[in-house]
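Scrolling down, you'll hit the structures one after another.
Two complexes come next, and they have one chain in common, chain A, joined by chain B in the first and chain C in the second.
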Partner chain A sequence: MTMHTLSSDDFIDPAAGRRRPGRAQISGMVLLAAIACFAVFGPWLIGIDPAVQQLERYLEAPSLAHPLGLDQLGRSALARLAHAAQLSLALALISVLSAAIPGTLLGLLAAWRGGWLERVLAAIADAVLALPGLLLVLLLAAFAPGGFWPLYVGISLALWVEYFRVVRAATRILMASPHVEAARLLGFGPLHIVRRHLLPELLPRLFTLMRFGFAGAVLAMAALGFVGVGLQPPTAELGVMMIELLPYYGEAPWLIGAPVLVLFLTLLGLLLLSPETEAA
Partner chain B sequence: MTFFSTPRVRPYLRRAGTALAQRLLQALLVALLVGTLCFFMTRMLPGDMAYRIAAGRYGYDMVTTAAAEAVRLELGLDRPWPAALAEWWGRLLQFDLGVSQVTAQPVAMEIAWQLGPTLNLSLLAMALSLFIGPTLGVLAGLTPGGWIDRLTLAVSTVLRALPSFLLGLVLVLVFSVKLGVLPAAGHDDHGSILLPALTLALGMAAVSCRVARDAMVGVRGSAYFAFAMTKGLNTRQALARHGLRNVAAPVVAYLGVQLVYLVEGVVLVETIFAWPGIGHALVHAIFGRDVPMIQGTALVLGLMFVLFNALVDAACAFIDPRRRP
Partner chain C sequence: MNGRDMTPALAVEGLAVFHGDTALVRDVSFAIAPGGVLTLLGESGSGKSLLAQAIMGNLPSSLRCAGRVHIAGDSTAAADARSRHAGWGRRLALLPQEPWLALDPTMKVGAQVAETYELVAGGPRGDARVRTDRALASLGLADAAHKYPFMISGGMAQRVAFLATHAAGAPLMIIDEPTKGLDANRRGEVLDLLLAARREGMSLLCITHDIWLARALGGQLAVMLKGEVIEQGESAQVLAAPRQEYTRRLLAADPASWSTPQATHPSTSADALVRIEGIGKAFGPHTLFSGIDAVIGAGEIVAVAGPSGSGKTSFGNIVLGLLRPDSGRVVRAPQLAPTAFQKIQQDPGAAFAPRVTLRQSLRDLVKLHRLDWAELETLLERMRLEPALLDRLPHQVSGGELQRIALARVLLMKPALIFADEPTSRLDPVTQQDVFALLLEHVRASGCALLLVTHDTDIVDRIASRRIVLG
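Presenting the complex of A and B:
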């Protein structure tokens, strides 16, 4: 839920990238790989249109043709689940990327140039952080209720700030370090310094942020769909499916269980990837 | 009294003043951000804004061209947008939140009704989470690797991967449907606040438990704790006199991060439990495209976030003397 789980204080973790993956991290990777395969190849392998209704067969129990049965409108539950997983992961991926790339570049630029540019960017970042991320997404979603693009824009807008702040803080420290100073004095250009000296140090921190951002994006989409201000039915979306299938949990618990499980396992996989769960 | 009469009071006040100024700036940023977004929202919604606002004020049957023109003139809707935006900000800074387009009541009045339930819910959730999380965390941290530690790690990992709206659903299924001991939704005197508060509290406790556990492990390995034990205090005394304050500092500091979860969770959990607070009102205002209500509720939620943040700052300085000058 928390989109701003990390502050710029959290980035100092020199060993994060080099530690060998533990049991928790490996199970997280396996989980995520399985869900990603389901989302990428599922819709194509299943090959059933998630929108086709067979009203006379509503709530049909699982069978070989429909491994998760049919939902309240007689649509294939597995096909809908695969399309919903694909939609969630796709939204999370593109919003994380479109937050991370400009956020990182602006962070580098601010730390490099300093001066008024840095102050203006920092003020904008403060303004965005003044509001909890989900509120910002909600406000943007209100522009065009039910649309995909407001969700995407809102999530990206809420997320870029973290990359900006972390990259700016880390770059400022790195710029003062002897090896970067030596490289600058030797006359290497900014591109070389960024590639050889800054990015290797920044990447592990960026991956940590991306993991949290990915979880936040998947979560925001499902949460808004669940309370009815995100994507609208008949879209196959995890949160929308949950709220649609909730009334049938007594007759067909597997129907609502499936999207809940996919969401839970996605978030669990992302959580297990982080080294701190290995602590105990 | 003695504290305030010492010569150390002046830098302390100056620091508190700076912190307060930063939070006031944050509050101003919240207002400008929410106000600007809502301003453009009104302009981008389909239909003629003047007619829509007139309908909200006078009822759909009473909208005439004259009424719409009067609204247009009064609100400056015919003027170019920079001037209108400046005026919109001006009204917002005077706390003029306008009139709900759905209920035709002043937004401020609606929010005055909803603020109480929201504050009750969030404060109870925070109190419950601080009771559950750090208590278990300290117990876990006393014996790292013990069964309490492993159990709380497992439960906290599961809870952190379970979004608040699903956790709420699980609690309703267990406590209302299966056991029938607590009401599933609504707002009355018979414990209906417990399930939504517990939903938020468990989500927050899942994290604060681990924070407290790590802090406790740190305290346990520290020289001052070893000395307290060596000089003959038992674990309980050493904890009470030397341990708890050091565990409390990171827990309270982390509360600042968790406020994001709390405010976001309030919106979702209020909606699911039909709790008549501001988050619930925000979601319903979005359904109804009621921009003045969207603006008012988002603004108050944002300001609540700023206020809680300021309180956490103050609590941090109170607990940890190293953060005082």
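Presenting the complex of A and C:
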């Protein structure tokens, strides 16, 4: 209920429960689908090795064979962009999922069991929160510079806390609700209660967190690549491409413009996905 | 007083509310003289709340309305909601149902009332404080000014909400279900409040399904059914000699007029279902009850009695095993299944998983206990429920229907004891009588025991064979 007015049984609108996606959400979905197609099928469709150099053709302007031209080492910019999109988005997705799944499970466990287990988990979560996420990644990256694993583990470790806290808080309220009480009296076990009573309430919130988390992970990786801690050249990754291409901004602005645009469109698509009720 | 040669405080002409082409309220006309009272009596779904919302100009955007509304002589088209908004608080005020939910929980009581004096009535700040203190004192709330809403009782919160809505001096107040879910003492307080407002010369439009309140308020009475006013007249006259069949049924549904109960057989210790041995419960420093002993036998109907806040629900939850007592213990008969004790909740809307269709919820239950779906269908049919209702989500079904579905769900489990926690306090009298009739019929047929919590002493007198007194 959004407003406390005259509430009554006088009028029950059966359509009120159904939610149709709005125009913004549909454009967000279309945009994300297009980017996903580019990332998944792009490398294969373009069929050019992103690492092959043709030094004599450096910074060549866009042509039919190379729609985004060639970069400072004569590599196909479009092929590199497709590979970069694939790597960045896959990494972000894996990081978000590997933060969301344990975060959610631990949140459920803490709220369900309570007692010392909840206190210990909450203390760990607070300790992680006290540490800036990027610092954690930098710390891990120091052990294995330029690798994929420190990035992934670091981002997941920094992100799971949000899921844990949101799920724990919401679950505690739900566990005290009359419908969960009724389900327990009727003999339903934890699995049923999670599936029918908790998840349907939690998923929309989790999805919101995941959208922001995904955007954050893409940005964090680009930022880490930019300061030289993340993945290193010649790997094609959005952040790495941006650093590599920044010096050539004057001669070939389209080269650096392309990864920036892909990142921008991905974030825009994710933000557009938010339901209108949430936008306010 | 002769209202004819005076401009009515509120007059409504041919008011109708539509959803698409369906009329939810049809052709309603009435007038309230200055200082007069009109009580709108009707069951849930009769359109009485929609009517009030249309007068306020506060209908959901999916509905539209037609007709005219005159407030103290100012006539506006019913559809022109905007022009009536300017009069909110000053010419027309609304006391919402369960008004304690309408108070700002983060703001002290005095400040909330002063806000209306200052911002809506438009007085200087110092003056507003003085008037607030005087008003609070006049309703016996002088000590509450520096408290937050959660620190005061429900009855006090209701008086504060009344002051906050009334402070700007609106001569006309719409009151929505002021006695819903209140026990006898609190109902008396609400009545005193409304009678005091009347003595001050306010005009009241009171929406209720409480026949006791309608009788006590006096004035005019209009009975609504399916969006139409079917009977209108002097309150005392309509209540004494109703002309419409439906009004007679509505009056008969008042628990005070139910037939006297059939005696249930007294329990013997041989068929005791549960023994309650010296249980006590406290929340923080506040002791709810202690040292309560009781035995509930098969087929007994036992009421839990006690004033508001005496822990009646906590007592029932301890018997069910949902809550642990601080002292004493509850011993169930050993042969009982873990699901033998069931509960019917006060708010049926909150008793089902909110985002799952009712059919899915019930199918899960049938599957879990390997029950027979056909048996459920028979139960639903006996509860006079359309099977198509099950394809809806809980909030898309009316409270009365949902409570009957909850009852069917509980009965399907063949319980040995049902704890009914205010099962009908949110339902109108006709639906209440219906739900109780079904509940008692099944309880008697199956020999299951009933532990009943209700604030309505009339119901206790007519149904229960015995009481457990708390507090």
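Note that in this section the second predicted complex is superposed on the first by the 254 of 280 C-alpha atoms of A that agree within 3 Å, B and C clash if a C-alpha of one lies under 4 Å from a C-alpha of the other, contacts with A are read in each partner's own complex, and residues count from 1 in each chain.
Here, contacts are C-beta pairs under 8 Å (C-beta built on N, C-alpha and C of every residue); 3 or more make two chains touch, one makes a residue touch a chain.
A quick note: this is a predicted structure, and the numbers were derived from the prediction, not measured.
Chain A has more of its residues touched by B than by the other of chain B and chain C.
Of the two partner chains placed around the shared chain by superposition, chain C is the only one that A:S177 touches, whereas chain B remains out of contact. In the superposed pair of complexes, A:R196 makes contact with chain C only, with no contact to chain B.
Of the two partner chains, neither chain B nor chain C is touched by A:S274.
Contact with neither chain B nor chain C is seen for A:Q53 once the two complexes are overlaid on the shared chain. Of the two partner chains placed around the shared chain by superposition, neither chain B nor chain C is touched by A:S27.
By the touch criterion defined above, A:Q72 reaches neither chain B nor chain C.
4-5, 7 are the residues of chain A that lie in the contact sets of both chain B and chain C, per the superposition on chain A.
The touching residues of chain C, counted against chain A in their complex, run 19, 24, 44-50, 52-53, 56, 58, 60, 62-63, 94, 96-97, 101-102, 176, 207, 320, 322, 338-339, 341-343, 345, 347, 350-356, 360-361, 364-365, 368-369, 392-393, 395-400, 406, 409, 413. Within the complex formed with chain C, the chain A residues making contact are 4-14, 16-17, 177-179, 181-188, 192, 196-197, 200-201. If you check the complex, the residues on chain A that touch chain B are 1-5, 7, 126-128, 130-136, 138-143, 145, 219, 222-223, 226-229, 242, 246, 249, 260, 263-264, 267-268, 271-272, 277, 279-280. Listing the residues of chain B that touch chain A in their complex gives 25-27, 29-30, 32-34, 37-38, 40-41, 44, 144-145, 149-150, 153, 157-158, 160-166, 169, 173, 203, 214, 257-261, 263-265, 267-268, 271-272, 282-283, 286-287, 289, 294, 298, 301-302, 305-306.
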